[in-house]
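I have a structure I would like to understand better, so I am pasting it below and will then ask my questions one at a time.
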Amino acid sequence: MQVSARNALKGTVKKVEVGSVNTEVTVEIANGVEVTAIITKSSAENLKLAEGKEVYAIVKATDVMIAID
Amino acid sequence: MQVSARNALKGTVKKVEVGSVNTEVTVEIANGVEVTAIITKSSAENLKLAEGKEVYAIVKATDVMIAID
Amino acid sequence: MQVSARNALKGTVKKVEVGSVNTEVTVEIANGVEVTAIITKSSAENLKLAEGKEVYAIVKATDVMIAID
Amino acid sequence: MQVSARNALKGTVKKVEVGSVNTEVTVEIANGVEVTAIITKSSAENLKLAEGKEVYAIVKATDVMIAID
Amino acid sequence: MQVSARNALKGTVKKVEVGSVNTEVTVEIANGVEVTAIITKSSAENLKLAEGKEVYAIVKATDVMIAID
Amino acid sequence: MQVSARNALKGTVKKVEVGSVNTEVTVEIANGVEVTAIITKSSAENLKLAEGKEVYAIVKATDVMIAID
């Protein structure tokens, strides 16, 4: 499957924290650069997410903001 | 200002493409890793975004999906 | 690729309307039921979207609201 | 009330799963086609959502991605 | 229609700026407090938005971030 | 830090409700006008959010819908 989302950042799962409805997944996409995702618990289970697994962090371009110091 | 968004990826603006209402901004957040943002044209102007500028790409954790091959 | 987004609605492209930065794509996901997506112009080009093409409309569960009459 | 969101998919609530802050609602929008929403627990209570209730699943066009096989 | 989005801020349209696919709408929700929305051009037309019109700015709670100085 | 999000509504925290993964924050942005945010529990802790604290409710323009009666 190929998705229209402009951002598909390849990385490795660092942490999976399970809540009641949602699960928080931390992905290392470059040395020392992490992206955190909140997905549904059932999605995390379907994808069999676990520490060390290779994944993509996917983000629509309209969901990215730009900030400056 | 400190924002609740979990993801603030430091990087450098690579490209700014201006539309009629929106502007597309490409940010390199690690060697060869780019994130694309669509923000309003006026926001891009307010932030004086231009190639080479140091910025943060900011994304809420709920806006990140996880995909596997 | 398998995505964490809970909603992947299979359908057929009905219309592709190109803007300066964004493109509007209408997908029929059931008889008479349509979903409209705004994606970047370059994503639409990458996916070679055109009328009649089979696609999935993908939506994160947190991006769906519920309304009642 | 009439909303600017391009997608208002009429359907029937199939399942309501309550979490601590959020609630997951599954809506059948066509024969065998379901959409899942995560909304706040208090919103679900305000709307008195329950199995069998007729609702709309509402999604902004910018929150829809397109994928191909 | 009653929507699950937690935030429905009543206000008056201050400005409507039309683009090729999207339209930017500015709403005054309190004295001197404005909210800007980007919606599709066709949605803006359907709602017959114009300066002075009474509207609601609707935002899902998961789309709001919190920042501090 | 200056953010591209068009909407930064200054206000005061009225309520903080902690869940297992997420936290719900209510902000009064004008006399009697409140905005509710769902952010991650750890973000709420990082920002030391508590009743009475001055904050900004930040929303991207593409995440705002317009509704009429």
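Read from first to last, the chains carry the letters A, B, C, D, E and F; within each, the first residue is number 1.
Methods note: a contact is a pair of C-beta atoms (placed from the backbone, for glycine too) under 8 Å apart; a residue touches a chain by one contact, two chains touch by 3 or more.
Heads up on the chains, UniProt names are A, B, C, D, E, F = TOBE domain-containing protein.
None of these values were measured; they are calculated from a predicted model.
Touching subunit C and subunit F at once are the following chains: A, B, D, E. The minimal number of chain-to-chain contact steps leading from subunit A to subunit D is 1.
Repeated interface, listed pairs A-B, A-F or B-F, reference A-D: A-F, with more than half of the contact pairs matching by residue number. Note on chain placement: the centre of subunit B and the centre of subunit E lie 23 Å apart, centres being C-alpha means. Centre to centre, using the average C-alpha position, subunit E and subunit F are separated by 17 Å. Residue positions of subunit E touching 2 or more other chains: 1-6, 19-22, 24, 36-40, 43-44, 47, 56, 58, 60-63, 65-69.
Taken chain by chain, the contacts fit none of the simple shapes, being neither an open path, a ring, a star, nor a full set of pairwise contacts. This structure has the following touching chain pairs: A-B, A-C, A-D, A-F, B-C, B-E, B-F, C-D, C-E, D-E, D-F, E-F. The residues of subunit F lying in touch with subunit A in their complex are 1-5, 19-22, 40, 60, 62.
Residues 1, 3, 5-9, 24-25, 27, 29-31, 33, 35-39, 43-44, 47, 49, 53-69 of subunit B touch subunit A in their complex. The residues of subunit C lying in touch with subunit E in their complex are 17, 19-24, 36, 38, 62-63, 65-69.
By the touch criterion stated above, subunit D contacts subunit E in their complex at residues 1-6, 37-40, 42-44, 46-47, 56, 58, 61-62.
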